[in-house]
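See the structures that follow.
Next come two complexes built around subunit A: one with subunit B, the other with subunit C.
Our next item is the complex of A and B:
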């Protein structure tokens, strides 16, 4: 059968060419950096890693210190709201009879910082928009300085100012909220105690994180690509139209990111909350009621009087705060990545 | 700059700018597209720097005018004074008048957003809105200016057809505009400017970021559009100016502010320029 043979010969020829033209092995592409570059690289690397190492060490320290408490309390550490350090005859901590639960404080932390975010984000975004798109140059420079100064202001002063100056007015607002929005579960009151409530602590926290959220959103608004801004204006857009069509979609992810950074700050804030808030070991969802908590300020409250073993329980509370902040930040990252797809 | 040199230029300008409309025998009134756009004695400054000096130029409705000249001669600055985009640059200032249908667009009390609806602009770099789909991009101007139309789909198709993009995107109108090629993005931007139905379309080097194939398509688009609107195009590409325009104006700066040296019928500018400097430029001896 000659034709088949011919065909076979052809095929073998072809397969040979295929073999001959097999792809070459991939080369490893390397370069030999100069000494100066290598030195700088190691300096930068160590700098970059140091923050990671420090954070890791803190985490390990908290875990090591708090392990016993977490182990003995189990899930009750997160769900319970009692904080009783029982001592045994020798004067040291009796872990079995002690009760450590931070549910009230954990929920208080979330409540206060959520209030702070709800209040501060709109104000901050409006401030950033004003500074970027409306303010005359001189006012802009002045206000940027003022806002940055707000960030550097010590938190104890915010606390004291909040307690003596803000609270009387805020109580009035709280009463109004209760009067008109009392049907919303969060605004219910069990007792007419409007002082030192999570609501007021939230306002203080809001004021404290406004600079963070403002300066990051301002930075992002200022990076809005000029060609898109011009495109909008060239289509007859008003400034509002341009902001809605161009600046906001571009900055959305960054604003959410800055809000989450502010949220992290609010969750960890200690002294200002400690000054203003009435710390009570009871889960309280009623934000206007003068009873609440915050893990960081609880640690501050207990730290002075705690014996060496109770301090370990406080460290466990710190660990929970650490992890909660970590979760919030990771959530923020996910949200930022999801929302900034279209805008960039 | 010496005064002896200034004078003849001024004369050339007054002669030539009237040439654009009258000597060429164009009869814009018959086309019923409006008077068009008239620039009267335009000067421009950035801070203390005088960048554009005394440019007067008429653009008849339904014509394409190309502005040519070396970099830094003030062409782009000039075109941006025509729809008040000039004022977006901090420290920018201007003098003179720009008349649209006989009304000065710099009059106090003029709503600048309305001016920009009538005088659209296409930029050097394609700049579709990346957060919007192709369809949303085309109709963005309506939303931005709060305009209402009866049938958005018809307008969408019409604009994309006029911009020569319909056939390429009709099956993916709801995908994001950023996924298109550079040339398609630029035609999308042209379609976007058309949706608000401008009388005048300014194009600031619309093809400088595009490959030859896309450039050709944009040029075809310009030819189609010129029957229904006034087009002013800044270009560095002299062949392009020769291909697409009815009139050509040559701008030049000798280190001082940019000036318009000569304007006339495109054929004449390229074949029989009156000014030696124009001839030097169009024959490629400098620039």
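Our next item is the complex of A and C:
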């Protein structure tokens, strides 16, 4: 055993033999983690990477199962609007002659979720403003709980409520829109079928994403620097003046981000849209007409009647939906994070 | 000698609360509402607009406009637009609340008619869609199936979600930022995609039949981000001193996390699990794709179709008879009560944590 080292100086206290017998063996001082910690860290790290693994696996498996469809249809998968599963003589799917194009449903997804955003964002932002700057404390707490509760409601509940309760009122609004704004191309009607239209599906989606958009924009409004708010009041601003000059510029990016998060949710919504919307496989820009669909609800509809080969085409459609929602959500998260952390 | 200084009561001013509205101001507000209501009713009477919706919609336009004009006449332009905006903001909150009130009321008023004890003692294997609701069939199979599937999903999702949260707060390695980002993105994965993934990865290549556990796996995918994000928030609330104390006492990081951090965060972690359950309890799309949805009670997760509450509702709604609609509404009522209880439980635990 060498002499003890204290900050580089060698100190020998006693003779080696006495030292060895009096003291226990010197403990090794090291920053290297123990074995238990190494195991702990590697287990936690691999568990932490599970989200990456799952997202990767979703992509790989949907691509693997949908590859044949994507390969045989090429770009028509995104631009075509026909969905015909042709069978050959032996009863299995004839990929050459069948047409799988999801453009109609892509447009349907776009139409429904755009309506949802147009309706929900103003209401949500105003609600967030109410909760932050207008509501008394007690009412605020209660309302925040209620809005959070709305986010926890299952989508089938919204769907069935929309079908039985909301539909009559929404049809009434749709008829009014058609009566007074029928000259706008979107509100044209070729046949008077107002039930189960993309417009009504859009309203349901709007109601479903109001809690999401509200709670995120509320959080961002609540981070408005208090000194600036009070400075605005001190300068004699009304509440509206303060919101216009301070709160809104501060939160603008976050509101855009929260709207995009809502968009991502609306794009992927399945059951509520399936329940309310009359799913017809065609391109329909006339939002009041009772025919339309979105990718998610189309997958659910076709799944019931599809053979195992056609399901692979549905998986390709699912892949498109997955990638689209992932892109929208990632962008939204980046925007929200940038706003809520940095400030301006 | 003591002198009592008695001040004439006229000198002490009455305590005033200048922030409160004076009776005159209140009367003005009521007058504006009253006049707006009168205009509203008369407009509905003379125009072709009809119904409750017309009254409501017109009032939402007339009241802010009238308020604007009155306040503007009294106090000028900027006060007027402030009043207009305040009215709009209040109405937005009311509009946002309208659906939830309507949903709660509808579910109760339509669902309670189907409540009876058979509901929790019988399944649907001998009841057809046209059998009367109160005497035939129940949803015990759906309740059992839902519980089994959700518990299995918890068993899969809790370790992964918890490990993710521990990685994000305790280890903070070089993957922290990307993992945070991925977890957030993962919470946006549509439920139908999760179902399709299990279909593509497990049902078609391996099992080739539907069973409850496949549904659990899909639900676990939806559950992981909720659990991970909530648990991360909870672990971040644990004071840093506790970690340092554990290390200073000579504990390894593993022992510190195991003996100090996790026990300290226990109620918060339970909240995370409850929120995860609430997130997936009503998920319908992956359940419809994967579980097969049986009508008989099935205790085996790995064999045979399994009924669940969302599937029960889905089927009742799809069957289209009056009796099946009634079953669907009652199913929704049961599901809603479950979600409400879970939500209240999470609030209760979360609130207790914050007050500490």
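The rule we apply is simple: the second predicted complex is superposed on the first by the 278 of 344 C-alpha atoms of A that agree within 3 Å, B and C clash if a C-alpha of one lies under 4 Å from a C-alpha of the other, contacts with A are read in each partner's own complex, and residues count from 1 in each chain.
Here is the rule we go by: a contact is a pair of C-beta atoms (placed from the backbone, for glycine too) under 8 Å apart; a residue touches a chain by one contact, two chains touch by 3 or more.
Note that this is a predicted model, so its numbers are computed, not measured.
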Is subunit A touched at more residues by subunit B or by subunit C? C
Pick one for A:275: touches subunit B only (first), subunit C only (second), both, or neither. second
Examine A:118 and indicate which partner it touches, taking first as subunit B and second as subunit C; both and neither are also allowed. neither
Looking at A:78, would you say it contacts subunit B, subunit C, both, or neither? Reply first, second, both or neither. neither
Would you sort A:238 into first (subunit B), second (subunit C), both or neither based on which partner it touches? both
Quick one: is A:184 in contact with subunit B, with subunit C, with both, or with neither? Answer first, second, both or neither. neither
With both complexes superposed on chain A, which partner does A:86 reach: first (subunit B), second (subunit C), both or neither? neither
Quick check for you: in the superposed arrangement, does A:325 touch first (subunit B), second (subunit C), both or neither? second
Interface residues of subunit A shared between complexes with subunit B and subunit C: 238, 241
Which residues of subunit C touch subunit A in the complex? 49, 51, 53, 78-79, 81-82, 85-86, 88-90, 92-93, 95-97, 99-100, 102-103, 106-107, 110, 159-160, 162-164, 166-168, 170-171, 173, 175, 178-179, 181-194, 196-197, 199-201, 204, 221, 224-225, 228, 252-255, 257, 278-279, 281-285, 288-289, 310, 313-314, 317, 328-329, 332, 335-336, 339-340, 342-343, 347
Residue numbers on subunit A that touch subunit C, as the complex places them: 33-34, 36-37, 39-41, 43-52, 54-55, 57-58, 61-62, 64-65, 122-124, 126-127, 129-131, 134-135, 143, 145-150, 152-158, 160-161, 163-166, 169, 172-173, 176, 207, 210, 214, 238-241, 243, 261, 264-265, 267-271, 275, 296, 299-300, 303, 308, 311, 314-315, 318, 321-322, 325-326, 328-330, 333
Note which residues of subunit B are touching subunit A in the complex, please. 83, 85, 88, 113-117, 120-121, 123, 125, 127-132, 140-141, 143-146, 176, 189, 192-193, 196
Tell me, which parts of subunit A touch subunit B in their complex? 225, 227-228, 230-238, 241-242, 245-246, 249-250, 342-344
